[in-house]
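In the two complexes that follow, subunit A is the common piece, with subunit B as its partner first and subunit C second.
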Partner chain A sequence: MIVIYSIKILWLLLKTQIRSQTQYRLSFLADVFTTAIFSSIYFLAFALILQRFETVAGWTLGEIAFLVGMTETSFAFMDLLFSGFDPDSFSPMVRMGSLDQFMVRPVSLTIQVLGSRLILRRLGRVLEGLAVLAFGIVTTQPDWTWLKTFYLPVVLVCQVICMGSIFMMGSTITFWTVERIEAVNILTYGGNELMSYPMNIYPRWLLFIFTYFVPFIFVNFYPTLYFLDKPDPLNFPVFAPFLTPLVAIGMALAAYWFWGYGLRHYQSTGT
Partner chain B sequence: MQAFLKIVGISARQQMTYRTALVAGLFTNLFFGILRASLLIALYQGETSVNGMDVGGAITYVALSQAMIAYLTIFGNTEMGRTVSDGSIASDLIKPVHFILLWLGRDLGRSLVNFVVRGLFFIGLFSLFYSLYFPTGVGRWFLFVISLIFSWLLNFFWRMLVNLGAFWSPDIQGFARLAFGFSQLFSGFVLPLRLLPDWFSRLSNWTPFPGMMNHPMEIYLGIYSPSQLLGAFGHQLVWLFILVFLCLVLFRLGIRRLVIQGG
Partner chain C sequence: METIVQVRHLTKDFRVLHRNAGKWGAWNDFFHPQYRTIRAVDGISFDIQPGELIGYIGPNGAGKSTTIKMLTGLLVPTGGEILVKGMIPWKDRRKYVANIGVVFGQRRTLWWDLPVIDSLEVLKAIYRIPDSLFNHNLGMFRKILDLDSFLESPVRSLSLGQRMRAELCAAFLHNPALLFLDEPTIGLDVVAKERIREFIRHLHREGTTILLTTHDLTDVERLCERVMVLDWGKILYDGNLQELTSRFEGVNEMRVSFAENGEDGLLEGLEPPVREGRYYVYRIDPRKVSIPDLVSSLYRTHPVVDLEIRKPKLEDTIRKIYENKSLNTPD
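Coming up: the complex of A and B.
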């Protein structure tokens, strides 16, 4: 019952956000459009540089587009859904004490933070990600088995969960620091960038960190190897592409625990 | 002049206050720098030189461009535009310094701090991971510094031009994001222009953007021939005049439309 109630509240909160942001339809559409164009600049530049180099570490433009499209789509969707947990907007809530107001309301705090903000123009980036992914699929023509078809949306959902967990943890840190920590960008925007290219191009030590500490390597690189039937340059066990859900669950649990821990130790700034 | 120096000093001190933010920014730049360098190294696989730039040059290019992010404010900002929307521009307009000069001072102070902390320190840190090229002749250092000053000015006036749009539109965020996105691409910040197709670098040379990043980098790397060097400085100077002129005109026109609500 409480779950259904929470979802209802969340939907209500989000609906007000959507309504207010789409009041001026033309301005809203222009905003979505410019966001899409802006987000595609980096992929565009990469497509241009490949005109000189043709491939990177044995990957063609279409294959890279698959990688980029996956992580862009899920990162952008996460960025949209978790707008409230964006450290950029969460940190001011802690500083100004508006989080304290949430605490006296009889609704789960997590729901309220999620519902506090929904930056709809980020839809533009979702569209950009989907367009790049579509381009990747069309040019690479993967050999679709039923397992692959089933696994693709699973991976996308897992990616959203992984990135959302990082966002939540980044926001939780602001309970202690008040100011947002720019270094969190390394894991959010940096993670997105990191996963946009075949990960065997990175230095060993970096790969080690993103395999055993923050296991991003199983979130996009390995599933993509599986979807495109590419040989594994790092010789991991054959089940490596299927670790994605496990990583997502692990990161979600860690984030949820840390968020709860942060809340229990939360001290208002007094403003 | 004294007032101007005072503004620079205050802004520099303000920037120095946020030490943890400076360090965090430094490490973020470092991380992205490593990603970008790794990508270029992977692209170069087996190639010694591509269109006059070898892999060491490309890595040095990445290092320098990452080091200059904060100094040049390459991602842009809409600080000045916001003062138009929220009315705080009023207190800037009564100051005894020309409005554009006032912001130039503020930007300069911040940039000087960023040049040292997020620029020089960055190069030091980055050279622990990759070996970088350093020019040997005094002459090339001199030309590089001159070109870097011009690129700073170009960046400043480009940002000012975008922000002046706030006199005409209540919300310039979307427009500014796009404008700064284009300047990142066409300036050679995203990837070195030399490594992109020739038609693209030719196209970008019709815009002011290569002068904001690509010219000083290539001068540093010693890629330009003497005649290209002259062309690069000419390009920077001409566009600087154009941007300054446009800013002054738009400011004149904009200020007449400005209405500040009291209260």
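Coming up: the complex of A and C.
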């Protein structure tokens, strides 16, 4: 009952966002288009350089496009869906007291923050991600089994959840610092960047961190190895590509707990 | 009827970082933070009965906002108890806030880019307001608050007065039994203020319990029967507004102008007057001198041209209370 109500309210809040942003249709479309072009340039430049080398650590351009396409799509989609938890917009909310305003309404704060902002032009980057992914699939021609077909969207959803969790945790920190913390971007934007490359190119200590502390390695790299039937250079157990949902659930729980803890702190100290 | 708000020994402490100055200040703050505890609200107790309209006043930093934040469930107290309609505000927040209405004069509830009516529709869904109640309330508020001219305009294009009217409407759509108004008239012109007051009066007549925080003592004079005066986190006075005036400021001013010049203006039983142009200004303590008797005898014995009695302004009274903090509540 409460879940249905929450979803209904979230949808209503997002609808108001969509309505106000699409008021001027042409300018909205232009915004989405420019964002798509803008984010494509990065990959195009990368692809041009890569062509000179043929492979990076045994990965062809198409294979890397698959890797990049996956994380770009889900990062961009997360960036869109979690616009409210973007530390850039969340920190002013704490500072200006919008959060107090949310607290006097009988709706979950998570729902209200999610519904407070939806930066639609980020759709452009979703489109770019999908285009890169499509290019990766077409050039690598993976051997699609039914399990892979089913698992691909699961992985994408899990990636959205993982990166959204990092966003939430980054915003929660602002309850203590008020100002947003630049270091959080290492994990959000940096995490996206990190996952865009075959992870075996990184030094051991970095791999260690992103295997055991922030297990990003199971979020994009291992699933991609599985989709493309590539051998595992790091000799993890065969189930490694299927750890993605577990990582997503774990990170979501951690983020939700930390967010709740932050809110309780906020309630007892104010700003 | 049962008490709607019960507050007992309510206390709130804040821990604030004491910032070090100098070149290594920020460094030291980070590694050896020193905190100071500030007591914003210091053991206050009061009851509110259903239907009361209470003015909650005090200078900046007195602890008014902190109290309101605790009453609305935004802050957890350090000590003491709050019970509102049998609920503890900061526990079970969602259930509690469905029963109250809150307007923060300096913050906005309504969605900036949306037409006012769309915001109200969103609130309708949030508070699960039935169609009939929504239409009834909206119809009424449109009249009293004169919303029609800007109901379809986006909030960002409204004037401050229009926005506040829309905010008040938004806070009351779900018919809360208890309304917290924090500085609802701040920054408004006289006409806009009067319209807001009219709305508050209307809600009061309908039986809503209202706690009004304000800097504008005219709001209090026009609206409230009961006032609570807060300073340094303590309640200095809680009671009837008229009584407040007579208790704390006995001195009235009598301004008299006589037909014949050259009189020194000395009157028996009164302090020597101060001369202001044609007027002699006497300070009179109504607890010692009966003003009607004085005035009638004055007309009999002196050629009075003009006479005026000035009651003390609430503002002066309140200032006296702040200056004289030892005075306590009459109980």
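The criterion applied here is as follows: the second predicted complex is superposed on the first by the 266 of 271 C-alpha atoms of A that agree within 3 Å, B and C clash if a C-alpha of one lies under 4 Å from a C-alpha of the other, contacts with A are read in each partner's own complex, and residues count from 1 in each chain.
The rule we apply is simple: a residue touches a chain if its C-beta (ideal position, glycine included) is under 8 Å from a C-beta of that chain, and two chains touch if they have at least 3 such contacts.
Small disclaimer: the values here were computed from a predicted structure and weren't measured.
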Exercise. If you stack the two complexes on chain A, which partner ends up touching A:37: first (subunit B), second (subunit C), both, or neither?
Worked result: first
For this session: Give one of first, second, both or neither to describe whether A:103 is in contact with subunit B, with subunit C, with both, or with none.
Result: second
Problem set entry | First, second, both or neither for A:267, with subunit B first and subunit C second | second
For this session: Check the residue A:182 against both partner chains and state whether it touches subunit B (first), subunit C (second), both, or neither.
Result: first
Exercise. Does the superposition put A:57 against subunit B (first), subunit C (second), both, or neither?
Worked result: first
Seminar exercise, completed: The answer to whether subunit B or subunit C touches more of subunit A is B
For this session: Report for A:49: first if it touches subunit B alone, second if subunit C alone, otherwise both or neither.
Result: first
Exercise. Between subunit B (first) and subunit C (second), which does A:247 come into contact with in this model arrangement: first, second, both, or neither?
Worked result: neither
Problem set entry | Contacts of A:94 with subunit B and subunit C, given as first, second, both or neither | neither
Seminar exercise, completed: Touching subunit B in the complex, subunit A uses residues 27, 30-31, 34-35, 37-38, 41-42, 44-46, 48-49, 51-53, 56-57, 121, 179, 181-183, 185-186, 190, 193-194, 197-198, 201-203, 206
Seminar exercise, completed: Touching subunit A in the complex, subunit C uses residues 14-15, 66, 69, 72-76, 90, 93-95, 97-98, 100, 102, 104, 107-109, 111, 113-114, 118, 122, 125-128, 154
For this session: Using the touch definition up top, name the residues of subunit B that touch subunit A in the complex.
Result: 20-21, 24-25, 27-28, 31-32, 34-35, 38-39, 41-45, 47, 50-51, 129, 171, 174-175, 177-178, 181-182, 184-185, 190-191, 195-197, 200
Problem set entry | Complex contact set, residues of subunit A against subunit C | 5, 8-9, 12-13, 16, 19-20, 96-98, 100-101, 103-108, 267-270
